[in-house]
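One structure below.
Chains: A, B, C, D, E, F, G and H, in written order; residue numbering restarts at 1 for each.
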Amino acid sequence: MRTSAISARVMTGGEAAAEAMRQIDPDVVPVYPITPQTPIIQGFAKFVADGRARAEIVNVESEHSAMSAAIGSALAGARTITATSSQGLALMAEVVYIAAAMRAPVVMALGNRALSGPINIHCDHSDSMLVRDSGAIQLFAENAQEAYDLMVMAPRIAEHPDVLLPVLVCQDGFTITHSAEPVVLLADGAARRFVGDYRIPHPLLEVSTPTTQGPFAMPDYYYELRHQQVAAMAAALSVFDEVAEAFEHISGRRYHSIEPYELEDADRALVCLGSTGGTVKDVVDELRAQGERVGLLEVRAFRPLPVDRIRAALRFVPWVAVLDRADSPGGRPPLYAELLATLHRTDAHVQSYVYGLGGRELHPDDIAGVFARMSQERLEPEYVGLREAECPV
Amino acid sequence: MRTSAISARVMTGGEAAAEAMRQIDPDVVPVYPITPQTPIIQGFAKFVADGRARAEIVNVESEHSAMSAAIGSALAGARTITATSSQGLALMAEVVYIAAAMRAPVVMALGNRALSGPINIHCDHSDSMLVRDSGAIQLFAENAQEAYDLMVMAPRIAEHPDVLLPVLVCQDGFTITHSAEPVVLLADGAARRFVGDYRIPHPLLEVSTPTTQGPFAMPDYYYELRHQQVAAMAAALSVFDEVAEAFEHISGRRYHSIEPYELEDADRALVCLGSTGGTVKDVVDELRAQGERVGLLEVRAFRPLPVDRIRAALRFVPWVAVLDRADSPGGRPPLYAELLATLHRTDAHVQSYVYGLGGRELHPDDIAGVFARMSQERLEPEYVGLREAECPV
Amino acid sequence: MSRLKTLVRREAGTPPLRGGHALCQGCGVPMVVRTIVDSIDTPVVVVSATGCLEVASTRFPTTAWNVPWLHVAFENAAAVASGVETAYRALRGRGALAGDEPITFLVLAGDGGTYDIGLQALSGAFERGHRFVFVCYDNEAYMNTGVQRSGATPFGAGTTTSPAGHGLGKAEQRKDMTAIAVAHHIPYVAQACSVHWQDLSTKVERAAHADGPAFLNVLTDCPVGWGHEPRLAPSLLDAAVESRFWPLYEVADGEYRLTYEPRRACDVSEFLLPQKRFAHLTPELIEQIRLQIDADWNELRGRCAA
Amino acid sequence: MSRLKTLVRREAGTPPLRGGHALCQGCGVPMVVRTIVDSIDTPVVVVSATGCLEVASTRFPTTAWNVPWLHVAFENAAAVASGVETAYRALRGRGALAGDEPITFLVLAGDGGTYDIGLQALSGAFERGHRFVFVCYDNEAYMNTGVQRSGATPFGAGTTTSPAGHGLGKAEQRKDMTAIAVAHHIPYVAQACSVHWQDLSTKVERAAHADGPAFLNVLTDCPVGWGHEPRLAPSLLDAAVESRFWPLYEVADGEYRLTYEPRRACDVSEFLLPQKRFAHLTPELIEQIRLQIDADWNELRGRCAA
Amino acid sequence: MREIRWHARAGQGAKTASQLYATASLRAGKSVQAFPEYGPERRGAPLRAYTRIDDRPIRRHDSVTRPDVVVVLEPSLLHEIDVAEGLDADGLVLVNAEAPPGELEGKHVVCVPASRLAEERGSKFANLIMVGALAAAVGEPPVSDVSDAAAELLGKKVPETDVRAAVAEGYRCLS
Amino acid sequence: MREIRWHARAGQGAKTASQLYATASLRAGKSVQAFPEYGPERRGAPLRAYTRIDDRPIRRHDSVTRPDVVVVLEPSLLHEIDVAEGLDADGLVLVNAEAPPGELEGKHVVCVPASRLAEERGSKFANLIMVGALAAAVGEPPVSDVSDAAAELLGKKVPETDVRAAVAEGYRCLS
Amino acid sequence: MPELTSWRDLPVGGVVSPDETVQPRTGGWRTGLKPEADLSACVNCLLCWLYCPDSAVRLDGTTFTGFDESLCKGCELCAVVCPTGAIRMVPDED
Amino acid sequence: MPELTSWRDLPVGGVVSPDETVQPRTGGWRTGLKPEADLSACVNCLLCWLYCPDSAVRLDGTTFTGFDESLCKGCELCAVVCPTGAIRMVPDED
């Protein structure tokens, strides 16, 4: 996605997310600091202090309270955005599930960072993966521009009456949050109009029509109430497209739930999330220039995972390698497992490569190496670039 | 597994776990009450009050602190057991990961219960699934006897020098925790001897050889430190067998990481966790009596998942249906996704059935229905028994 | 009009918490809830923590609540209320609220959801200064999960996690939650008891009009957890107050005031002995409790005098 | 032997926190740590919360710690220490400990890990009565993550989440954490300041010998977050105490005692003005701070007199 | 397999009864299972419990939907719920009552005036009386096993003789 | 693609320099990227930052391991770390120093006495001087773009003229 | 309790409106005794109304009129707090 | 810092023993100034030792002897607190 040099400004993904928040102009922002999310909330706090945004910031005392306050605020009837990373998301995990179940359309800027232990501040996707069953939507940005664009799109997806789910806009910690790149912003008015007004079915603050929200459910109803969320997620896929189309009208930039890159005739394809996609694209170009038929499937919507589209996009690719920036010790890496569930009953050979945990670098050479190795049958995951990896377990 | 009526006592899974704890005689038990775990800790508290167990119980003020205190205690050099369910596990999720990473061999009795929202006290496995990437071992009991036996085995697995990981002994909330069944207990002395003394490599309380535990790791080391856990999980699989063998010597009961049931010639097999396995066995017997070639693969060790054994056990089964008592809205049910990762490049048709969320009943007829439906190609998960399920999403 | 008639009129046949809920026969909590909500002269929005009250009043698809009511989890009622109250301020600030009458935000949590697992969220909300009335209905244990000890469980009480057994019940003194709230220097803090309903009602009015967070710690009984017949509740709770086990006082803008001076000589055993949870107490232990009460009472008197 | 010589002897060339760590040039925290550990006459086990101190002293595979040291997360230091201390009691009870000398359990947490996200774990540990010394090194903000406001951040201070901007910095009063600890009725609570190291050292001794939990709230500077040159630290912190912005006192078994009576007339501006975080304060705001200090001081004096 | 459903109000000892019958049957060499149903409802609310008895190990863990026997410890429940739900035409309903209640017309009803009997002895063991009666009604397990099981389960908390006497009284009613 | 690595101590403006050069290059029509390295180390510790400049959109997000240019803002670092690591034989090292330091013998070293120059003007903008010098050394972007970018980035906090002067001074050194 | 409905017909997020749902009746919870009022002895102090945990005390405006037996759980609290002894617990007809 | 090792050679759980690891040297963090002591003016009050954040003050027993330049970050605190002015900040040789 070529950014126009003319109107672009050099800013980090974190700054870009803060700009998006300023333009969205949410009512309430409950938030707790954590690296590498802090640039987002600091940037936004400055906008508020300078009178450039009107939100009430709630400087809560923990992330559990951040999400709790966000649920309260969103269900009360106020547009609500929060932001976090890593341990913060882990601490609020309990209430992320509840936010989804109560259908609170909270938007969250997530600066992806490895989970402790050991404590580490750099990027991986284990925090996102921790809440992959929560019912929250997760969109992954490849770069600062996407982090901005997806933030602007997020409220409309979250608040759509068929959806009403939290949306996590995920950007790789440091690699995007702290990397300065050219970003084209919408005009403030255009962004604001695009987002529109906040509407939910039953604002708690409508005291004239009292509602009971968050009741106790026995087995006779719990099952059906949970299934609502599955349906809402399915709806979210088309809503994403709808919103993406509208966004294209005002920005010229079009997003899809997956981004196939040079897949048409590929005999080998990587699948990944986040900023790594950009690096892979460079490698694909390079290898293609040498005549190799390689490609990439970048997953932008990890939740809802566009199962059918992924299937279709990879239909004719015999060798697929899933790059996971997270793992599940004693089990299978999460994206890999999902991909296999998606590609079941196709002929693809799907392999698993774990990389980049805790911010470990993945260089073009590593990627080229995976492309080189992947057309041999292998079922066990490999840790790319592990020191003394000869005995993968 | 036929229990001997002579020495068996009728007790609930919760009571059985409390008896196991009494016999193990741990040093420290930090715990916070939550349904349906409470019978465990209440039973144990009574043992302590009556002088029948010596542990120091730490009545913490939240589950986050329960696991935190457990980590402190286990690393200090004391055998430590805790117990929880549902929201409790969700609230401590952050520190469950850290326990595994710090290699604290904490044993936990988990009474599986649905996660909010809506709030519900009955069984499903969403709590276990929430921490499936944490690096903690998860063993699932089918009934009260197994809940007891696995609790007795757990410390030896957790504390094995090649493992040193937390072990969650999972029993279905209410269905096992509160169901009274015959349970054969070991003699106190035999159980105590079986468990042996607590040893870890670097007890913090050894003040003469000070250690720094829980340091900060940058990308240069984090990756390798994380990979340690993967290796420890791999080791746990053989340690499980070792311990199971030793346990057989004193109990006559032998456990395996998976339990194939009538799989040899099966053309259809279900895969499941926990108490449902028992019900499925009855249905399998019934259908077999009618000449149907059906079978069951019960997964006892969900973490570490015995990938190769599952593959081998299902090698010749053309139709496999995975019963998930949890879901991942917008993604694939967790056990299903893992199974597909396990069965990749086999010819099996693997289907997904979600059931029992929030304690919804799964009756033999439902199971027979799945067996009846499963030999038709179908890729989308089905919610068994959903009211108005005709349009599954 | 008498205060009670005022409460009746406010309720106007539509109790905030209507009958048909699943709380135990004779449970002490509903009276606290109705007295409080009925004492407030604006519309009320209730945020509830997990606990007996919440679980037993909202079995889907029914509800006992006639006022707007929100529950998210056990430990976060104050945080949820912070969000609701901030939303209200934000929307009002933007002129985006339909009606513009003031709303009173009321948080209802048990002692577990206040003293223990909910303390941090509450403390944070106090520091930020949200305008809500946080009510702890203090029945001195985790009742919903079957009577486990909490930070509010008094010394000596038997619970399932502090069993009498060969021991003494709970070995630690209760957390002094009212003092902790006072230490946050919020505008209004009070300790009350359900059966002193006029006192409670007055305190609710003050709390609702405070310019910032207010905290009410309201003692109420739980026949199941305390081990007594429901009909003993009025006399037991009366004894709790008269024996000075549970003094009634308030701290408004830092000023202590005893709002009720016990009227009769009442030994704490009058409170303790009818309850099964204290049945195991020896005379020595009761004497220990008595001494602690005296010491606490003297300190409190000192503060109120000052 | 002078107290300082005693500290030197205890350290015996092996500082508990050795140099080579990655804390900022001139950071105020190490002095607090060393003064405290060196004041304890038994072996010490340290539990640390996430924060500047922890992050900057333990980059794997190095460590600055010569004493046993454990870190698990940000919010749970008191809970982790509860576990460690209980393990010690349990193992001692069973005769399963190698040496049988007493050990002092020391918890080190920043203000964020104490006033805010760590409060609940701390309060619970207080209620249970674990025998440890919990030290809050209070630098009045979340420094590790780049200077965000915490519950300890004083009124008016600019931080990245309470920016001065067109506003005033932090709009709320700081949480009175020392008072909150006192309200838990634990045996020993004290407020101290790094540069009053003799006072601090004495308090550590009392805390370590208390029969139950002890809490020390120790003010120390952060040149980065406060916005001053490191070399100004001694005079700034001195002004904090002399101006009564940060009184030094202790509460032993409920008895208040001022441990240091300010020696000179010192206006709070002497503390505030050299710091960038207060650079935006108007005379009116400073007056407001002054009044608050006076009120707090008078109340404290009252308690100490009583 | 024999499946039994117990009806009572929370607090009336249905859970104990269901477990007692299981314990007694275990003594008699059977495989057993017993469990109550849980909800948010409190003391006084209707409550069910179940017992399963079989000669082969019981492995299933679903709830009981088609009981062979229903035991009603609290007759006032008959106005509120259909205690015979799922019961076969020839299924037995054992009711704590003096005479067959109208609600159960057409069913195979057996009455035991357990509350009265208990009251007469000044005991609270109507539930034990009903367990004794059930053993007699279905012909197993032997009353000695029920009595021993009752003593094992409750004998520590209350006088063993009272417990045994209640069981015996119930058994006598129907044998 | 041109890749630049910046060396300094935390607090000396390497991050600003890396972003400034990127911003200036963006003005000149390039695609750009700039990012520092983060660790637990605090003010005073060695720190690296990176800038990438290309004619085509920059998509890769790995760190820079084989820089084309290394800029050393703090010469004392030369004793501690190998600033030329990964640098090609013909790669340029731009050092804030009076004369080529011994450690860099055999490298293509260019010195700019930025600290002294800054001190002479009583300013703290050694980093801006180095950015100006870099633009001159590699021949892009035009100094006007650097100057404008510097004004855009810093002009709100400090006098714009000082900022522009520093850039210009650096540029002059090497042009 | 209303009919069990399909998941499609459930309110979004499980929100319940008190006006659209029927509360269960808990009169059946009584275990033998129910309150009976002697109106002639009643001084209309309304204490029974206040103490009743189940909102089972009936008023006409602000005047006590009796009990809603479909809700009353029979706890005796009204009888205990009635200052004039106007309320007695009597055996449930059942 | 020690060599980067394979995952097999790392201590279990990342436990670090202070005796087995080498602390980084932070003398390089100084930005121009370092402390210099005039021993003749020193009254051995040891305040510099106490205040030094980097344990860079050298003692022989309990006697002040100077600084460990490999650790000193040059913060000036020792110089500020020295009661006799025995410590001056001087330009780093570099």
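Note that a residue touches a chain if its C-beta (ideal position, glycine included) is under 8 Å from a C-beta of that chain, and two chains touch if they have at least 3 such contacts.
Not measured: the values here are computed from a predicted model.
> Hey, how far apart are subunit C and subunit D in touch steps, shortest way?
1
> Please report the minimal path length, in steps, between subunit A and subunit G on the chain touch graph.
Minimum number of steps from subunit A to subunit G: 1.
> Could you work out which chain's C-alpha centre is the most distant one from the centre of subunit F?
Result for the farthest chain: E.
> Go ahead and name the chain pair joined by the largest number of contacting C-beta pairs.
Top-ranked chain pair by contacting C-beta pairs: A-B.
> Distance from the CA centroid of subunit A to that of subunit C, rounded to the nearest Å?
About 42 Å separates the centre of subunit A from that of subunit C.
> Taking the mean of the CA coordinates per chain, how far is subunit B from subunit C in Å?
Whole-Å distance between the two chain centres: 39.
> How many angstrom lie between the centres of subunit E and subunit H, each centre taken as the mean Cα position?
Subunit E and subunit H have C-alpha centres separated by 79 Å.
> Hey, how far is the Cα centre of subunit A from the one of subunit B, in Å?
Their C-alpha centroids are separated by 30 Å.
> Two or more other chains touching the same residue: where does that happen in subunit H?
Counting only residues that touch two or more other chains, subunit H contributes 4-8, 10, 14, 16-18, 26, 29-31, 73.
> Which subunit F residues reach two or more other chains?
In subunit F, 39-40, 44-45 touch at least two other chains.
> Among all residues of subunit D, which ones touch two or more of the remaining chains?
Residues 22-23, 25, 27, 54-55, 58-61, 63, 65-66, 71-73, 75, 115-117, 119-120, 123-124, 127-128, 151 of subunit D touch two or more partner chains.
> Along subunit D, where are the residues that touch subunit C in the complex?
Residue list for subunit D touching subunit C: 115-117, 119-120, 123-124, 126-129, 151, 172-173, 175-176, 179-180, 182-185, 254, 299, 302, 306.
> Residues of subunit H touching subunit B in their complex?
Touch list, subunit H to subunit B: 4-8, 10, 12-19.
> Residues of subunit B touching subunit A in their complex?
64, 87, 90-91, 93-94, 97-98, 100-102, 114-120, 122, 126, 129-130, 132-133, 135, 137, 214-219, 221-227, 229-234, 236, 302-305, 307, 326-332, 334, 336-338, 340-342, 344-345, 349-350, 352, 357-361, 377, 379, 383, 385-387, 393
> Would you tell me which residues of subunit A are touching subunit G in their complex?
Residues of subunit A touching subunit G: 101-104, 164, 201-202, 209-215, 217, 220-221, 223-225, 227-228, 231.
> Help me check something: in the complex, which residues belonging to subunit A touch subunit H?
For this pair, the touching residues of subunit A are 117-118, 386-388.
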